[in-house]
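What follows is a pair of complexes built around subunit A, which joins subunit B in one and subunit C in the other.
Let's turn to the complex of A and B:
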């Protein structure tokens, strides 16, 4: 048994015990504060310091209205209104308040039954509720009602330029169009707030390691799209499709003097704010950049330009037309027959004679055959100079390069190039064709097309130079001659243009391929033209119409759309007719 | 080492003592022992601690004010964005086209050009 030595007094014993206890406490404190220091600091930091993300605003997207930017895509903070039925104590009042303030935003028909059903604690009652509506409901101080804030894209112009814009999915990522292509630029960089907070997550400045990094909002991009031209393009396209019965159509309007895309209209279309209701993914695609096709006879303007620039032909050069021409083992015939005998190249263009274009291809070689040299020359003009068969670099997602077979390829033979001379045997996009055609009619400078005019700095537009230019892809003289030939080709065809202006164009009706064979039951109608005054072309328009199992023609179904839009554009640009 | 005051200096000091200074040493009758000293030091530490806490809570109060202002700024920014959206909707082409003013417009019969 433990016994206390006699010489130790009780007070000494107490002192020893206390000292012992103190030593234990000191050791324990040493362990907690020195040995376990890092662990407890981390634990405390986790508890007290919050990392709050400050979301950056996604950049807006503007279009032009003349010289002024106008918003096409904006951001809006909206709220999702939800109820917790287990907390709601006055269901009738809640029903009345929600219906009166946010009746148009309800996502449920019977609010009362939803908020009395206590099987779930989270019932969404309304979506896209505005701040004002949320405030009005909050003022009623209803129990069991909550709001969840979300940022969403809004489109004041509705469906306008939907396939050019694209949309933003629920993860905040741009899909299709400019939204996808310029996603990084539009997204910005989220900020960070690392701070000691109280229980209500209010940041306090008492911490020594507080961090506040301000968010960097995404760039607000200004498109070259002119909303007036875009709206008119959509309107004329829709009217044209209703006249023809075609189910699909696209219109591209470009400024030939700088490569600015002024309008890109597609039908069928959709409203980007309701992208979830779209059932066919094809509706999202921008046809002019993502769907290469055989454009048909509109490409005869390219062959004419190459022939003129190489001095292989003049507008009044002649050839003997028999409505067919032999290329190796193939016989190429004209769609329009009867314009036979000695005819000029102008007549060949006016009547869209395939034989004339094959003749030009031959004259680019030895005059008799489409030699390797002739094919190299055609490839040089079509691909290297005028940009067919490669991506243009326009800032729209999923742009396709198309297919233009090189003479180096085994398929790049004389038959292939004879077909290419009148727009078959190659797959190109409307964007490529319009950009190349712009170079033909603007004096010979190729501008890579662009849909981005610049960005906003506050309320000011800062212009950006995106378009690459290649000067002298054809000579100014060849350009003037080609332009006049295209003008003659149109004026000989139609008298629907406003008098006193300089308008030209070429039709195209192309067969479609099914399982590698051309079918006769489905054709695509195309029209490609320019317009302006005598001094300068102000616009290039390309129209395409199509429909399943429909024979649509360039002159009957696409050209009227061009004419309507062209006549309107002459007025829009306030061009004066020659006296 | 000898030290000699000048007559002039000694006279001034004596005059000053006479007018402003106690000439006797004050001795307090209250004696503070070590316990009292400890208590006073503890009290001083307590007061200093209270001053620190007051300052710290004062700074936290500023944090709450700042937080409220931040919230207000966010609300106003949201309202501004809402108004901008509303403005854009009201000036959208479709809205303008359907306005009474636009509907009342007519096509010009002829156009004259100034040359």
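Let's turn to the complex of A and C:
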């Protein structure tokens, strides 16, 4: 009946086949799992173990609100919405859901065509989607839709202090301002995770050799900027610019008693969260630290202070004004003519007489010439003692040193120094001028300016001592005399200050250098002053306004901004007027 | 010789009484099912995570365990039903209808599927092949599994009739009809559903039955040759199969960076990195998205990673014991249809195990086929359980060592077959 070899039944044939296959498989397993084990373990490790960075959180940036830190820059977790078209099974539903929930965040025009194009497995559909939006979309349980978490800076105060803050670019690096200058400190240190991961690089808790280094979050930095003063400075600057028609302006407010920068306002400005929409790079710049200029007559206060401290002059010292003065081959004239004859140094300051300042420079020497000795003395006061022509070290990126030519230089001759005596022939920043001026009005201590008050430890502010101080850069007596002279100079001009306070200031109107030549069609208006009660100055304010082809003047265009802000500050500090 | 044997059979047939079934079949199956539940419990949560992460689905961690548990309960029900509640004689009457339902369902699936009506809510398709019906609330149903069961029963009844009539080697009455039936099945399963794995399993069922039915060696050789030519045709007409064969021919050189080699390379990494003892339950990394189909067709590789060489050899040993147990019944059965059913079930399970494991270890090109009881998936388990239920019932009708008499004249082992002792007692009436 069975036509097979006698000794093998049909079922035995099947048994032999099965046994053979099984033996072959076991041999193969032995080869793979025992002999080749190490090889496959190496292959497995190769693809399973990954080194992942655990990103550190970037530190926040706070401003002061009186004595309390308030956040100016925060972090927000947002999501990038992407699709894998090869997995999307209901493109119409996806299109509808994405449009209805995150329509404003879309980065593609035609969602439907993107998610039906199966040529790529990763299509970004929307950016900056909030957690709430992401959850709404997730609830719809659509296939092939994924989210990537991204950390993003947010600015609860909008444009406030934009040029001081700077922004963070898409690579997570700080650009401009504090963000750039303190980038390392704000960034912190990323952690490291060496771990077995799943195919999507999500770490698994499996495995013995996992290494985990915790990330160190960046410091949350607290600025010395007072949000109220900053807001008021921006407001008064904007109002002042609107009155004068000037297109550019900057305001710097400093605490003269410690070098804290209380406000730094620039116009035009921008919102750091929209930094990509800015077309003119100049808008990012912090003018007060990065754009040195000739401030003009406001620096007469420095010459006066040097003269007083050296006892070269007294406030009531006199000189004979002819509205012009000869320095070597150059004749220097006054802007305001007619106050001629024997006049006091106070009169010279009140009327911004250049001849008076040149006279002081001469008296620092032999009384007739601006000698090498006079120039050395002026350089000592301007540069060494009051910090002009040198980076102040304020924590704002791209700070410029400006130019202050030393007497050692060929160009540091008498003509140069006669010009410097009234604020020309040098390039300095507002930050330098305000810091030096602070020393003049605070009794003679130079504080290097700072924008960093400290950092946050939890919800507590830990103050940091930054300001280097140089005591006695001028004597207390010279400081008091200079202050009084500056007070007089201001009150001769204006009576708009609140009564009972001690406010002083000096105007400056400087021609603009274009290709090495002064042009008469464009002047920059500057005002530099202090305010406070009789015991001490609470603030120093420096204002600068400019505009292309505009003649802007210190007294007409910059001073009103100072006055508005100064009067407000007197109230803000709740200073008691003298009875 | 033939006559004498037939006489013996005729006399013994009347002597066979219903006795206790072969509980070892149940025992081996239970062990496999338990291992399957353990591995799905171990990797199910990871699998759910991977699907949630990459496909935006929303599966709970226990999703796969619960579904597999439900499948096991249904499979147990199916086993019990076919083991205890349907008598073989009754079942024989359903052989034809079941075959027609299987064929009809396959045809319906094609009509509803991608190529024609595109009724997405009913037919589940992937890459132009529709292999599943979507059953609302229950999941999916693969009609080709029903077809295997139908072919099994139909061929058993059909070939038994031919055997009894002595026509088993008749070209027109037996061989051609079987060839036609199998060709139809091949068109439905391999061509339309693009499911070569299931196709091979179908042919394995039929081949095992033909071998046992006593088809002439020469006819067998011709059929085998035809099968090989047909198989080759199936391969060269489908680009993805050529891919898989070239990948296979690359052997252990195939790397994960190569798209077509990715699957098998990952399977080998899983098996190879398991080593002697394996990485232990819950420590499989390859299941975390690296190995495709980790929970279904590739579960053997994950078992290799988890339980190592020791575990795989144990699992293969259980399969081997189960299959040998089934095969052994063939020799102890009286009725041709019983023999044929048991042989078909042997071919069914053996083909699944060998094709799946050989593919995972790189001994054969890759085809999509489940590893019985271990792979996640309900339909396959349901019908294999049904088939085993039938075998279990048939194991009640074994006789003691009759057919070995001539060969083992002097070594006739009374207890060698391992049946319960009293099962060998013959009724005298």
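To be clear about the criterion, the second predicted complex is superposed on the first by the 484 of 579 C-alpha atoms of A that agree within 3 Å, B and C clash if a C-alpha of one lies under 4 Å from a C-alpha of the other, contacts with A are read in each partner's own complex, and residues count from 1 in each chain.
Simple rule for what comes next: a residue touches a chain if its C-beta (ideal position, glycine included) is under 8 Å from a C-beta of that chain, and two chains touch if they have at least 3 such contacts.
Everything numeric in this text was worked out from a predicted model, so none of it was measured.
Engineer: Can A:202 be said to touch subunit B (first), subunit C (second), both, or neither?
Structural biologist: Touch status of A:202: both partners.
Engineer: Does subunit B (first) or subunit C (second) touch A:154, or do both, or does neither?
Structural biologist: So A:154 only meets subunit B here.
Engineer: May I ask you to decide whether A:131 touches subunit B, subunit C, both, or neither, giving the answer as first, second, both or neither?
Structural biologist: A:131 contacts subunit B only, not subunit C.
Engineer: So, A:271: does it touch subunit B (first), subunit C (second), both, or neither?
Structural biologist: neither
Engineer: Tell me which partner A:144 touches in the superposition: subunit B (first), subunit C (second), both or neither.
Structural biologist: The second partner, subunit C, only.
Engineer: Between subunit B (first) and subunit C (second), which does A:41 come into contact with in this model arrangement: first, second, both, or neither?
Structural biologist: second
Engineer: Determine, under the contact definition given at the top, whether A:32 touches first (subunit B), second (subunit C), both, or neither.
Structural biologist: Only subunit C is touched by A:32; subunit B is not.
Engineer: Between subunit B and subunit C, which makes contact with more of the residues in subunit A?
Structural biologist: C
Engineer: Looking at A:71, would you say it contacts subunit B, subunit C, both, or neither? Reply first, second, both or neither.
Structural biologist: After superposing on A, A:71 lies in contact with subunit B but is clear of subunit C.
Engineer: Check the residue A:228 against both partner chains and state whether it touches subunit B (first), subunit C (second), both, or neither.
Structural biologist: So A:228 only meets subunit B here.
Engineer: Following superposition on chain A, which residues of subunit A contact subunit B and also contact subunit C?
Structural biologist: In the superposed arrangement, which is not itself an observed complex, subunit A uses residues 202, 204, 206 for both subunit B and subunit C.
Engineer: Please name which positions on subunit B make contact with subunit A in the complex.
Structural biologist: By the definition above, subunit B touches subunit A via 56, 59-60, 62-64, 67, 75, 78-79, 81-82, 84-85, 88-89, 91-94, 113, 115.
Engineer: Once bound in the complex, which stretches of subunit A touch subunit C?
Structural biologist: 1-4, 6-7, 9-11, 13-15, 18-19, 21-22, 24-26, 28-30, 32-34, 36-37, 39-41, 43-44, 47-48, 84, 87, 138, 141-146, 196-200, 202, 204, 206-207
Engineer: Can you list the residues on subunit C that touch subunit A in the complex?
Structural biologist: Residues of subunit C touching subunit A: 1-2, 5-6, 46, 49-50, 53-58, 208, 211-212, 214, 216-217, 252, 256, 268-276, 279, 282-286, 288-290, 304, 308-309, 312-313, 316, 319-320, 323-324, 327-328, 330-331, 343, 346-347, 350, 354, 357-358, 361-363, 403, 407.
Engineer: Which residues of subunit A touch subunit B once you look at their complex with the stated criterion?
Structural biologist: Listed in rising order, the residues of subunit A that touch subunit B are 70-71, 74-77, 130-132, 154, 156-158, 160, 202-206, 227-228, 231, 576-577, 579.
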